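Next come two complexes built around subunit A: one with subunit B, the other with subunit C.
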Partner chain A sequence: MRVPPGVSAGDFAAAIAAFERIVGKDWVFTSDDDLNLYRDAYSPYLNEPEERIASAAVAPTTTEEVQEIVRVANRYKIPIYPISTGRNLGYGGAAPAYSGSVVVDLKRMNRILEVNERHAYALVEPGVSYFDLYNYIQEHKLKVWIDCPDPGWGSPVGNSIDRGGGYTNANFRNHFDSHCGMEVVLPDGELLRTGMGAIPNSQTWQAYKTGCGPWVDGIFSQSNYGVVTKMGFWLMPQPEAYMRCTVRAPRFSDLGPLVDTLSYLENSRITTGFPDLSSPLLSYPPIGQIQLWNENGPPKLSDEHIKLLADVKQGYSAELEAYGVKEGIPYWELWLSFYGPMEVIEASWRATQRHYGKIDGVQFRVVDKLNLPIDPSTAEKYHEPELGVPSLRIFSIGARTPWNPTPSHGHMWFSPIIPRTAEAIIEANRVFSEAARDLGMPLFKTFTLPACFWERSFVFILATPVTEDPATNKRYREGFKKLIEVGGKHGWGEYRTAPAFQKTVMDQYSYNNHALQRFHETLKDAIDPNGIMSPGRYAIWPKSLRGVQS
Partner chain B sequence: MRVPPGVSAGDFAAAIAAFERIVGKDWVFTSDDDLNLYRDAYSPYLNEPEERIASAAVAPTTTEEVQEIVRVANRYKIPIYPISTGRNLGYGGAAPAYSGSVVVDLKRMNRILEVNERHAYALVEPGVSYFDLYNYIQEHKLKVWIDCPDPGWGSPVGNSIDRGGGYTNANFRNHFDSHCGMEVVLPDGELLRTGMGAIPNSQTWQAYKTGCGPWVDGIFSQSNYGVVTKMGFWLMPQPEAYMRCTVRAPRFSDLGPLVDTLSYLENSRITTGFPDLSSPLLSYPPIGQIQLWNENGPPKLSDEHIKLLADVKQGYSAELEAYGVKEGIPYWELWLSFYGPMEVIEASWRATQRHYGKIDGVQFRVVDKLNLPIDPSTAEKYHEPELGVPSLRIFSIGARTPWNPTPSHGHMWFSPIIPRTAEAIIEANRVFSEAARDLGMPLFKTFTLPACFWERSFVFILATPVTEDPATNKRYREGFKKLIEVGGKHGWGEYRTAPAFQKTVMDQYSYNNHALQRFHETLKDAIDPNGIMSPGRYAIWPKSLRGVQS
Partner chain C sequence: MMRMRRTLGGPAAAAAIMSLIVAPAFAQRPAGHYAAGRAVYRKWCAPCHDPGITHPGTHALMTKYKGVKSGVLLEWTDLPASTVKYMVRHGILLMPPFRKTEITDQELDALARFLSRNTPGGR
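Let's turn to the complex of A and B:
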């Protein structure tokens, strides 16, 4: 049996016995076979000594059991690492940030406590997956939509507290922002309800976010200050219709007005669906279509097009641009989604075209126009999450196909936030591609377009592969850290990262001699004096391990 | 010279001398004349011994001076109470929560650091008022709108950290929600930047809210954990057009579908402006029109109407309803505002009418339809904040007029959050009106309609007058506290309150033996061990005063 670092075998055995008394023997796992399931399949340290491995796992089924587990952890100073469904692949998966921690697996806390159609919200436990919530809504014929990430087997609670994003309207795509009300087991075992939930018999726990007094919800995201055991989410009423359109612009320099007008339209709420930048000329598919692209093979390009692509520098080549103009292949294609009554969608699209009319040679196209609801099987023809339907098809990205004979083991997501401008896209491509080339990283090769999960900013979402070769993985890990530092120097920070990179990422948030990090530590010491809760998550270590671990 | 409680005269003199060295003698105030300006003109303890009074005030002009002031406060254990513009009348004004505190008046920190039209955001210091920001935007001819409360002399920073609301689109009306990035002087004098601001040279401080790691912004709202010295806000691009419409429904029972359809339309983002419930039949004007109503005198009602009103119980009377149907006076009138391209506004209004078509006898009316921008002087014909224009006209409410010979001194805002349903409006009216009657409180007299500042919930905004008579004020204060408790028992909590009522309000947030309050105190002790920062604000006291003060 593995033992957490700094814990005696006797204490650990006593803790395991206590966990067994709380949840039953069947739900405490200590064998290697069982614990393998909590390894991060995408670990950048896969099969190396530094791979983060759990010493045990315990799977409670109630909040009270979570409280008891936390109290036992305090008694024996056992590091614990709660996970919801543990599906945040590329960002750490189910493996603990501190090797040897006991994973508290909340998968059995999978109750859908309420889905309220009238007020369009859900209250769920952390073990509920997007599929579970979607299926419940379908079974009960409720006219509300979920907003889910790619893929959909994750947990709304887990994804939200990791601050993930989705694909429907702007206010739902931001999964932390769309939550309303939490229940949290604090590191001392106390039970906290936030917002209006702090009022017993509250009538507005899922209706008004901030309650009264300091609003504490934010500090339970991307942190190690508590175990979230319930969480409310605002849902979108099932829209009447959906329309997906594209705006095509012929020239490289059109990227500026394309992006600036998008900002205006989004900030004005004229377009609110997931906007998706692509480049048919650079053969860069829209994010939402990557999986469909993969299933259908790579795009068919002419020999001339392929030859011209080889000469592209930082996304631009006058010859390629001329070729695109001649062949009618746009440099840029912006995909826009609209939800709502058909008459409003159509008016919004007309206004959108009017605003984009200033781009010389711009072309508009309505790709999909659907009255809703559609049959769930029809959703498969589309990028399902944009229709509020969870899917696992995204896994086709790294899969073995005729044109990809060497599937990756996994990937580490490199995901810096940059300003929402063409200049920033171009500058970040220049900076990162030069750095990636120097580091031998398979990233930013030709030209990379960012994603628009969140309002007001762009985020790159780039998968660095995890391979079977430890030497390659080591080179990629080190390169990945350098890229994070390069981003930091330019004022671009990651929004989320796997435990292996959390110290490097948080080191970039260094204003005033790391004041934010020190503040996080002040909170940590106060809230979790024994340091039992997810030590090291987001580089927040308890006092005893601070400076020792990283 | 007044001296803060628990501080020796010698220490206080030394602290004052230190403050004078930091900001100059001209900006440290200790005379009664000067300190009177920091009294809460609306204090429910006006002229009574319990009225909260500052012992001094100090007005820094830079963040560095704020840091130095905080360090001096720690050295001499001086309670300080930072204010932005101190205009939150009805919620406490400029007076400290703990009598004898030194007010840190940030009015001189009134720099507008940036207004970015392209990305529609502003970065401002706490002394900037809505008028300042509006005027700056006008002078620089920037095509962005502010969202301001009634009245507009307050501070965007102060109003946001008090979690106030405004009158334009839903996502801007929530003033805390629309902020992006803070700079905070912590109680130990350290300087913190939140979100992306923690990256030196950050390119996205006002573009991406949450940064990486725990998102701490929320704990600096309605709290005493720091002094916010800079704050970013997302602005609305100047809309192309504005339309204000009404939906009129004839019968009392129509309130249900009126509200439920509003929820659907708002949650679907079909209508996004400030919705305003009124009752022409009960002679209850829409909130946004109250000030215009006041300027034009009371509504002209027929003798028969006035007589019928006298018999209304809990908002309903069959005779009144019949009278309304006969005379064409609707029971309910919902005012809806739309911003955007005229074609989108008109389509949204058509969809709105379609959804409201199910109410028998419903009537629709377009009240205002404006192409924007309009001349600022034209805005005066409207409720200015709905057009993004700050105003002070709201003060006409309590002013002396021919029909109001006894103006009030001020008022305490009673503002509980209730569910967004007709049932809740009716139930809350019943519960609060019975309680108010028993307590002799001039509230909920006939029937009160809530406001829609925030999505998904309603809030009552009711002014309990502050009079010249201490006995009356005492009765009102005690009644006010009882009303808070009555609300709490029914699961309805206040969203904000004046220091005089903060303990009573926070006592309602009592889930699990006041776990939230105890958590606030844990944070307080960690962040502000000397307890110098705004002791007592939102009932959070430092250890030394806990249980002593309330």
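Let's turn to the complex of A and C:
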């Protein structure tokens, strides 16, 4: 039997026996075969000694069982690591941040406690997946939409507290922002409800976020201060219609007005769906089309076009631009989505076109115009999450296809937040492509465009592959850390990362001698004096391990 | 879908012939024999392995077998239950393993029975 570091075999055996009394023997796992299921399938340390491995896993079904597990962990000083659906692939999966922790697998806590159509919210447990919630809504014919990330088997709770994003309207795409109310088991086993949930028999737990006094929900995201056992989410009332349109701009220099106008339109709530930047001329797809490109192959380019692409520097080439103008291939194409009554959508689209009219040579097209709901069986014609439909189709990234004969074993997402300007896009391309080239990381083709999940910033996402070869993985993860540091020097930081990189990322948030990180540690010591809860998650270590672990 | 049919014509036809060969064994099973396994398949496998290139597992297998064999697991006639169980618990390439809190051993038995139903001696 594996034993957590610093714990005696006797104490661990006693803890396991206690866990078995709480959840039953069938739901405590200690064999190597069973624990291998908790490895991170996309670990950058795949099959290396540093790969993070659990010493046991325990799977409760109720909040009360979670409380008892936490109390046992305190009694025997056992590090525990709660996971929700364990599908945070690319960001750590089901594996603990600290090797030897006992994973508390919340997948069996899978109750959808309420979906309220009248007030458009849901209250769910952590083991509920986006698929589960979507299917429940469909089966009960409720007129509300979920906002899901690309892979739909993740957990609304888990994704939100790792601060993931989705694809519908702006006020739902930021999954943490769209939550309302939490129930949390604290590291001492105490039970807490946040916001209005702190009032017994509250009528508005999922209707008003902050309650009274400090709003503490944020400290339970990307942290290790408790186990979230219930969480409320605001849902979008099923819109009447959907329209997807594009704005095409012919010249490289149009990127500035394209981005600045987008920010104005979004901040004014004129366009609210997921904006998606692409470059037909650079053959760079919008995120919503990546799966189609993987399935059908990228668009065919002429020989002349391919030749011109080879000479592009930092996304620009005067010859390529002239070729695009001559052939009618736009440098940039911004995809916009609109939800709502058709007359409102059409008015928003008219206003959008008026604002973009200042770009010389701009072109507009309507790609899809749908009355909703659509027949779910036709959803695959679209990027499903933009219609509130969960899918696993995004796993075409890195998978074997006729266009990718060498499939990867996984990927780690390098994803710094950068300013929402054309200048920042160009600067990030220059800085990271030069760094990646020096580090021998094949992350850039011609140019990278950022994702627009959030309204006030960009996420500059680069997929770094995980391979079967430890030497390659070592080079990539060392390179990944260097890229984080390079970003930090430019004032850019990751929005989220896997445990392997959490320390490096948090090291960039160093204002005033790491005051933020020191505050996290002050909280940790106060809330979790025994240091049992997810040691090391987001580089927050308990006192006993601080400076020892990285 | 037109694209799918063209690509899969050969192996799909071969699978149809194989299913005729194994049909008597299939017919002897009581109605609902595979219901539990089919339900596990629908929940956990179908999003990646249902027919069509919009399912990345199917597309990967189509690419791998280049028409020699179908990319659709449901059509395979050489898929032993033991292979199903191994893949679910070990994963391969981008497909991660599945935990017992997701697919229990009992559910995995049912899934393996279902997916190996057209495989002679597949148990």
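Basically, the second predicted complex is superposed on the first by the 549 of 550 C-alpha atoms of A that agree within 3 Å, B and C clash if a C-alpha of one lies under 4 Å from a C-alpha of the other, contacts with A are read in each partner's own complex, and residues count from 1 in each chain.
Just so we're on the same page, contacts are C-beta pairs under 8 Å (C-beta built on N, C-alpha and C of every residue); 3 or more make two chains touch, one makes a residue touch a chain.
Note that this is a predicted model, so its numbers are computed, not measured.
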| item | value |
| --- | --- |
| Touching partner for A:G158 - first (subunit B), second (subunit C), both, neither | neither |
| First, second, both or neither for A:G410, with subunit B first and subunit C second | second |
| Partner chain(s) touched by A:F29 [first = subunit B, second = subunit C, both, neither] | second |
| Partner chain in contact with A:P82 - subunit B first, subunit C second, else both or neither | neither |
| Greater subunit A contact set [subunit C / subunit B] | B |
| Touching partner for A:P149 - first (subunit B), second (subunit C), both, neither | neither |
| First (subunit B), second (subunit C), both or neither touched by A:P465 | neither |
| Contacts of A:A539 with subunit B and subunit C, given as first, second, both or neither | first |
| Touching partner for A:T401 - first (subunit B), second (subunit C), both, neither | second |
| Interfacial residue positions of subunit B with respect to subunit A in the complex | 118-121, 163, 169, 171, 176-177, 180, 186, 190-194, 196-204, 206-223, 225, 234, 236-237, 239, 260, 263-264, 267-270, 272, 339-341, 343-344, 346-348, 350-351, 354, 417-421, 424, 454, 456-457, 488-497, 505-506, 508-512, 515-520, 522-523, 525-527, 538-540 |
| Subunit A-touching residues of subunit C, taken from the complex the two chains share | 3, 43, 47-48, 52-57, 59-60, 63-64, 89-91, 93-102 |
| Subunit C-touching residues of subunit A, taken from the complex the two chains share | 27, 29, 33-34, 36-39, 41-42, 57, 59, 85-87, 89, 93-94, 105, 107-108, 127, 131, 152-153, 291, 294-296, 380, 391-393, 395-396, 398-402, 405, 407-410 |
